[in-house]
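Next come the structures, one after another.
Common to both upcoming complexes is subunit A, partnered first by subunit B, then by subunit C.
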Partner chain A sequence: MRVTVKLFASFRTGRFEIETVDYPPGTTVADVADVLKLPRNELGIMMINSRHVKLDRVLDEGDTLALFPLLGGG
Partner chain B sequence: MDKIARIDMGAAGGPKVTVGDLGEYAGLGGRAMTSLMVAAEVHPLAHPLGAENKLVISPGMLSGTTGSMTGRLSVGCKSPLTGTIKESNAGGQAAQVLARLGYAAVVLEGKPEGDDLYKIVINKDGIQVIVDNSLKLMDNYPLVAKLREEYGDKVAYMTIGSAGERKLLAASIACTDPELRPTRHCGRGGVGAVMGAKRVKAIILDDAGMKMRPPKDPEKYRDANRKFVEGLRKHPVTGEGLPAYGTNVLTNVLNEAGGYPAYNFKSGQFAESANLSGETQAALEIQRGGSATHGCHRGCVIQCSGIYNDKDGNYVTKQPEYETVWSHGGHCGISNLDTVAKLDYMDDNIGVDTIEMGVTIGVAMDAGLAEFGDDAAAIRLMEEVEKGTPLGRVLGSGAAITGKVFGVERVPVVKDQALPAYDPRAVQGIGVTYATTTQGADHTAGYAIATNILKVGGDVDPLKTEGQIELSRNLQIATAAIDSTGMCLFIAFAIMDQPETFQALLDMLGSFHGITMTGDDVVALGKKVLSAERDFNTRAGFTKHHDRLPRFFYNEPIAPHNQTFMMKDEELDEVFNW
Partner chain C sequence: MIAVLDFIRESAVGDLVAWQHQLEAARRFSLSPALVEGIILDNGLLPARYQRNRQTISQAGQRELFHSRVAVIGCGGLGGYIIEELARLGVGTIVAIDPDVFEEHNLNRQLFSTPDNLGQYKVEAALRRVTGINPAVTLIARQTAFSAENGVELLNGSRVAVDALDSIGVRIELADACSALGIPLVHGAIAGWFGHVTTQFPGDDTLQSIYGAQKSCKGVETSLGNPSFTPAVVASLEVAEVCKLLLGQGTPLRGRQLAIDLYSMEISMIEMHESDRETG
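Coming up: the complex of A and B.
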């Protein structure tokens, strides 16, 4: 199952900005975070295809997953 | 802060200064001071540029103390842009200095006859109003440079550029930062035009010989401030994200969420957003010898700003904010940060609101005055504003006027003030705030982005209507209170998530005044401010029918969510029903 993963802000340090990765069916957002060694308590904003999701969301073929730390601005 | 100075610019024989006690305004500061005074003293049908309007300048309740983050200044009046009450606030040094000089408010009243231009010097010895026609039509950077030759570097300056003198409706009031750059603006609502109408070009604030304002309970205040700072440093937003990337870290977030309005609100995403992102901007600033971390006033621990240099390492401007990068960037189809930085500099120099100007240029592009994505044309349009040509005056009077003059239907304004960088179709909660705030479209008035998109302080689905009214109501109440304290609004990220940091804020407010403050007191203050503002607007002729978004937000779905603004009118009418 091909999934595009986008990382932002400090999550890019030592990792990547965007990659398309093969994951086994049933992979969740939490699984991806674990593989990338992103501490769960640092995950702020998680989106699949521009919609917010939670850690237990199961990924589908062709999804784009965006992961941000907790951020603010305005 | 035990006195109020009133300067009657229109007094017979020349401007007259009267310093009095606080009277009915005792204990107020910031937005509470400006809004309660404007509501009580300005005729709601006054012409905003006439003698009946007042420009109220007030440091926050904790400004001028040793408390961290207390450097916000409020400026209030009846807005020439919106016709509503206005509170426009800024960082920079002015609030701290004015507070230490002991003024809870400085009020510019009346309007002089004739063409003379004035500067006002406020120091420990009192207030002087001096004619200085050598400053006429100077823009902010050269103006401050000239004033520094006379008044030096140990003062704070509040100035208007040529836009304020020309009474353009997007005109701002600039406050200098710790390095005396005129980069921190009371931007929104045309407050610079009101200062210009009163023929005041500059206010020089000199606190030499003055001390920090002493708390009633110094020990408790010090302790509360320490806990408050710890809380800000500990929270990922105020302790890491904002210092490292600034507010523009939101470009990628909003674009990813489909709430980034591109090409004058025709798409919720911008293909070239990565070129404009906070990550790109911070790396570029560091690479060019600028800085991605800078505080707008002494005592700031968040340090969300930065210094933007050109490719040769020369200073261009302070780090443009997210809303500026959006308005001059994706909103206009522009993806070059150097262009955005130049436009940010021009805004600061001429003295205009970056949101209003960027949105206006996008509306002008929609009218066919330039192509979307034409960097040079955007700069040319700004030069028209700088020169004060007839076209420049139209553009400098904002998006609503420009849309009318050029026959544009898609004009993103509420109460004639331009919408900021978040599409209300993809973020329903911020649409509630845009529609209903007393200020005209304003994201800071009730920043539903935090809960809708950033998931700070709770979690409300941005694409649904459920929970948005209550959210916007609570945020608008809290914001009106925070805007009165002198605290930077960004503390909200930490106090919404961390009860102990909120308690520290309450303890700072309480120990400073020798009382006990509770959350209920803060809510009561916020409601009092909003009620006064709503009451003024009602008397000025505003009804519930003005608390709506432009029709295109209800009629034109926007990609990628292909959704419209779905809040019902009856729901919007419930926001202030507490």
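Coming up: the complex of A and C.
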């Protein structure tokens, strides 16, 4: 199952901006975050095909997953 | 009131009233500079300090800004720039809310912090600064922490709330208070080279969409810190949103979130479609 992953802001550091990756069927957003070693408590906006999703959302063939870090400073 | 208006009209050059004449009118007729500014603007004239606003903001718009009250929640990195820009813009009443005093680690970015005022309340520094740059603006200093308990009271009477907080949990409480009062909330947040801005309108659940699952977490600013330029950029974008909301002009960031990456120099527009609620 091919999924395009787009990373934003500090998530790119030591990783990538955009990659298309093969994941096994049934892979969730949380699984992708874990593979990329993105700490759960740093996850901000998560979107599949421009729609907000939660960690347990299962990915489909051809999806684009976008992950932003949690920003809270002022 | 007739006499003061006559004095103002006689001293005007074209439709511009110089600051020295605004002050002289205040002195002669025992009025505050703010009251005189209201008389100037209500009679089709313009305080000369706003003449370079003119191609952007009409005389009627400038009057609208003067008669507006805006609450700024947080007077640190974002809040300092926001208050400065609102005061220079000519927003008539600014409610500045913050419980804290300046500390040394604020000096790298917080506009109103100086070595001389470390240990002093941020809202008091904001009051001194605004009085210094635009005495016709009324700043109401509220030295208290915003919370669900006092939120509605603090925001009551404000047309717009501006988020300059540093806590995700309090931001959610702020969004709830704005919903209860039916006022828009201009939201900004920063960390390191990165920031985002959006505006929640009454009836929208924008901040829940952004933070709902992580409301008890700290953001990545705890590891990235905040340099001088990121709050200046995000604060300016927030003030542009406030200006449009007060004037009822332009296109605000409703249902859209601007994500700013100053490291890659990329700005992304996130269209905030309905959350995918049926999953989990």
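Keep this in mind: the second predicted complex is superposed on the first by the 70 of 74 C-alpha atoms of A that agree within 3 Å, B and C clash if a C-alpha of one lies under 4 Å from a C-alpha of the other, contacts with A are read in each partner's own complex, and residues count from 1 in each chain.
Just so it is clear, a contact is a pair of C-beta atoms (placed from the backbone, for glycine too) under 8 Å apart; a residue touches a chain by one contact, two chains touch by 3 or more.
As the structure is a prediction and not an experimental result, all values here were calculated from the model.
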| item | value |
| --- | --- |
| Joint occupancy of subunit A by subunit B and subunit C, clash or fit | clash |
| Touching partner for A:Phe68 - first (subunit B), second (subunit C), both, neither | both |
| Per-residue contact with subunit A, leading partner among subunit C and subunit B | C |
| Partner chain in contact with A:Leu55 - subunit B first, subunit C second, else both or neither | second |
| Superposition clash, subunit B versus subunit C, among 134-142, 278-286, 548-556 or 566-574 | 278-286 |
| Residues of subunit A at both interfaces, subunit B in one complex, subunit C in the other | 8-10, 12, 42, 44-45, 47, 50-52, 68-74 |
| Residue ranges of subunit C in contact with subunit A within the complex | 74, 76-79, 163-168, 171, 188-196, 209-211, 213-214, 217-221, 224, 226, 231, 257, 259, 261, 263-264, 268, 270-276, 279-280 |
| Subunit B-facing residues of subunit A, complex | 6, 8-10, 12, 42, 44-45, 47, 49-52, 66, 68-74 |
| Residue ranges of subunit A touching subunit C (in the complex, touch as defined) | 8-10, 12, 17, 41-45, 47-48, 50-58, 68-74 |
| List of subunit B residues in touch with subunit A within their complex | 235-238, 240-242, 244-250, 252-253, 256-258, 269, 278-279, 304, 321-323, 443-444, 447, 449-450, 453-456, 459, 461-463, 489-490, 493, 560-561 |
